[in-house]
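Take a look at the structure set out below.
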């Protein structure tokens, strides 16, 4: 950490800061130019709260040299994290596809979609039971019944299931019934929920908040990991920008950036990123090409009558042909699919 | 609601959509030009799920004529909402000032700040007990003990207290001890928490999410109101943009926009918007000038040693002089302060 | 075009608007519900200025059914535009690679880079002679001399050249010496310059402005085409968002969106989008996978001593290996490369 | 300037960087911790190109201690710049109001508006003759004739005139006929135009680009000043964000930030920021309260028939009442109006 002092800081204040840093166990290297005066801190700086330092009116700037995340940091964990769920593996050289409808609507719907995506080669079944909706008047999901229907679909196809948890009070039920617990974009900053799922040992699929920086995204993963659960899968699903032709702007660059700085697997959700079904296929291919570890795709047998997100869902036949294209690309990209 | 159909939509599909709309209780006015074909829906359109309609591949566009919020809508509630807390009033022609430290740190700290802001004319004491922090390694607040210290400060000064709730599990304690319950920006999309505080009758101070549109902000208020709690105070605290000189970009225009479309009181938090103490004063004045119903300001007796947000906190003396300026402006703005 | 009137618009005002629209040659279909009153306009609406209509205080909303661009619109020109420059073709099923340094620095530099990229299979040589720089104190390019050096490099390698034009006064020189004239992101809204290059017949490489929507980008192309020059190549180079790990956020979705709505070729500049050399390769592959018509890549033999943009330039050896990967992918994507 | 080196940088590379910096006339203070290695540069660092340094793969970060602008920097010019135009003064303790229609449409229109705003107390008349429009098919202004009509309006009212210049080729005419030359938001990055107006001695009203940071805005002013013209007035007119209820998001915080870092006068354009006439009044007051040096407001006698921007124009009567409110506020704000 480097502290840049304001020009003309009184000697007395300089001493105060020095003493404080030394009392926190850091050595100080002072460096003084015509236009600046700075301290380079040597030693363990983890006890220093950067915000508190910046509140000092004599501190002009504070420069972090290291990333603020530790457990999610590739620096301290150079190998890719590999997450195993039943017979499936996520991360490493694998390319994992999670597919299914936005919402679970009926036993017939979820089992028939599950069968079709299974045939096409999907690895996991997704389906929302508890739905975070912008309007309190929109369909909020089948709730507990939705989970039961997912379990039936799993029984019939063998596909492990992924579904979203919104409330700390439901954690136990999800641990029992769900294979991967999803934390949605709207709850990426819900730290109480993150801590809660940090205390269990189910894999967590964490979606990037719609205005979260890459660093904040990794800090949210850190919240989960710091409580003991290291099985975190990150999911890029688009960020909010001024461009509103698409529902969100898929931040494709985030994939290689995260893979460089973290060892966690990263997948892409082209359906939510685009919000338009005809963009799912090209974006899914781009995700494969850029080095993602997998995809989460909304598939619906009857999008026009879907209870949610029909506009961004593709039909099983299109999903099947997309899977075939991806399998061809996987060879060039050295991915197991 | 207006449905614009894609050019060349087959007659059969047109009939299907017509029948569906009629079955939902709407009459249809058809309008056809060379380049478009549209249905204007007459009657109660609240049973129509816009997302489902848009999923129909023959629907080009869907145009809402009415706002999606009802209880928060000024159209159905033309009078300003006035919220009473002990002897204080929020909304209507009042200008309410909530002040205090970011975090409650000790009895001495919170009571001394409370006394000073009381003298300067503040109406409420704020202070964080449960703190949402980007890093799991940062100070997370004094938790329950923080609430106890706030109660002591209230006892000594008479100032009712405002503090943030992060977890549905804590609602009961907050109902007992707190005068206004704050829902932070990071939880504006945490619908389970919104529903929870919708079922109580304490006033809720709802902060705008950092990437929430004005409409989504009002929909979050609607979540609370739809459960029965109509005492919602909205708080603009800056949105995230490409400009990062300031921590956030204060969306000053949001105040008159919200006041036009909603009857709820709207206050401004210049401290979080700017992230820099020397911007608090000019932004607070701008908030008064633009028509806000009040302010929430971070005040700390020793910002350089504050446990959080010291960089954006002003000292009691500066707060006092700001209050004097605001009182002068209040006369021109026809506000009671 | 659909006009939504404000509730309670006086009959007199309704008549005025009706008469005005009819005088402009449009028929009106009126549609009236409980909550709305609207006019659907039938006939040629191109004489109607939407801004003027919206200024009418009785007009609540105005809904455009058609895109505002005509010549760039695929609706009126379903076939892909194919642009020929010497022996090279851009658009259609071709995948075109433009490569070279950010700035032309010396004869030795530009010719040696040109030779290396030629060997690797690049189709065009790029190099800045006139450089738009944020600071007036930064290197502004070799100006006219830079153009001369590009011509020498072209002579030695046969690669046609692409370079940026900043001033209307230089158009004639560029027409004589340059094969494709680039309009940079900073000048995408410089309408006088767009009109100027609309009057010549050289192909124009138009970069997207850093905060331009896809529609505004196509309208900038329309400015050029409306003057008579239909040889426009669009270039997505990242947009400005809150995420600043990368210099810009590559809007990868813009490629399939533009290709659906326009017949013009679209290429991607991963170097400017990312601002970091190690992101160029994955982003270039993503561009191929998403369906782009080509790439523009910064290549420098000595990035650490480049006069500009060294941080985002790759070396010739890496460019060569990237080209090999792209050629493999091109087969799957049905692109000629 | 501070250079942070990557961990494990070879000694040879360290020496290379050291030697280069010393050859550019800087002394180096080295500082080495467990996790970092840095150089603090002492002496004149203006010869160092930061981009070039960052291109060195061994440089982890580069930290500027000083702002990159010099002539616009308050550090080197602590007094407010005061600009005189005929009898009017801009900057210092003055509050200057520029008003008029978006476009000059006819002699009758411009002179009648000029008379009304003059009566209400405006200091300058604005009116567009050359209009930058998103669509090539929209009204582009009366061009040269518009300038002539502005001159007539000036003759009749004595109000000096402000109008936008779009092309370097028109500079001479503008120098002869116009009192303050406006550079629009779309041309803030048009460096050739900035240099051109830097060589004349007319005051320049420079609008912030819609996605320009505050620093880039000041660098655009620096382009003008570096050529010799120090009479620059800055104008905040809103930035582009995800919020699109308003045309742009007025960055009200930018005013006090710019006034702290620069000595140039800063005014606010609430009309373009909001895009909605009913927001002009509250935003104008907020601009006064936050410390702006003036306003630029669109006033039209018949907004519903304005050729451009009618939606954001206010009528003369409303302008008059706004001026009265501002005059009252000016007393509290210590502004001469």
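So that you can tell them apart, the chains are marked A, B, C and D in the order they are listed, and the count of residues begins at 1 in each.
We take it that contacts are C-beta pairs under 8 Å (C-beta built on N, C-alpha and C of every residue); 3 or more make two chains touch, one makes a residue touch a chain.
Heads up on the chains, UniProt names are A, B, C, D = 3-deoxy-7-phosphoheptulonate synthase.
On a predicted model such as this, the values are computed, not experimentally measured, just so you know.
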item: Other chains in touch with both chain C and chain D; value: A, B
item: More contacts between chains, A-D or A-B; value: A-B
item: Rounded Å distance between chain B and chain D, as computed from the means of their C-alpha atoms; value: 32
item: Inter-chain centre distance, chain A versus chain D - centres from mean C-alpha coordinates, in Å; value: 39
item: Approximate Å spacing (C-alpha centroids) for the pair chain A, chain B; value: 26
item: Where chain A touches two or more other chains, by residue; value: 211, 240-242, 244
item: Contact graph of the chains (line, ring, star, complete, other); value: complete
item: List of chain C residues in touch with chain A within their complex; value: 211, 213-215, 239, 241-246, 249-257, 260, 273-274, 278-279, 282-283, 285-291, 325, 328-329, 332
item: For the chain C and chain B complex, residues of the former touching the latter; value: 2, 4, 27, 29, 31-36, 38, 40-43, 45, 60-61, 63, 65-66, 240-242, 244
item: Chain C residues touching chain D - in the complex, by the definition given at the top; value: 46, 49, 51-52, 54-57, 68, 132-139, 166-169, 186-187, 189-193, 195, 209-211, 216, 219, 222-223, 226-227, 240, 303-311, 313
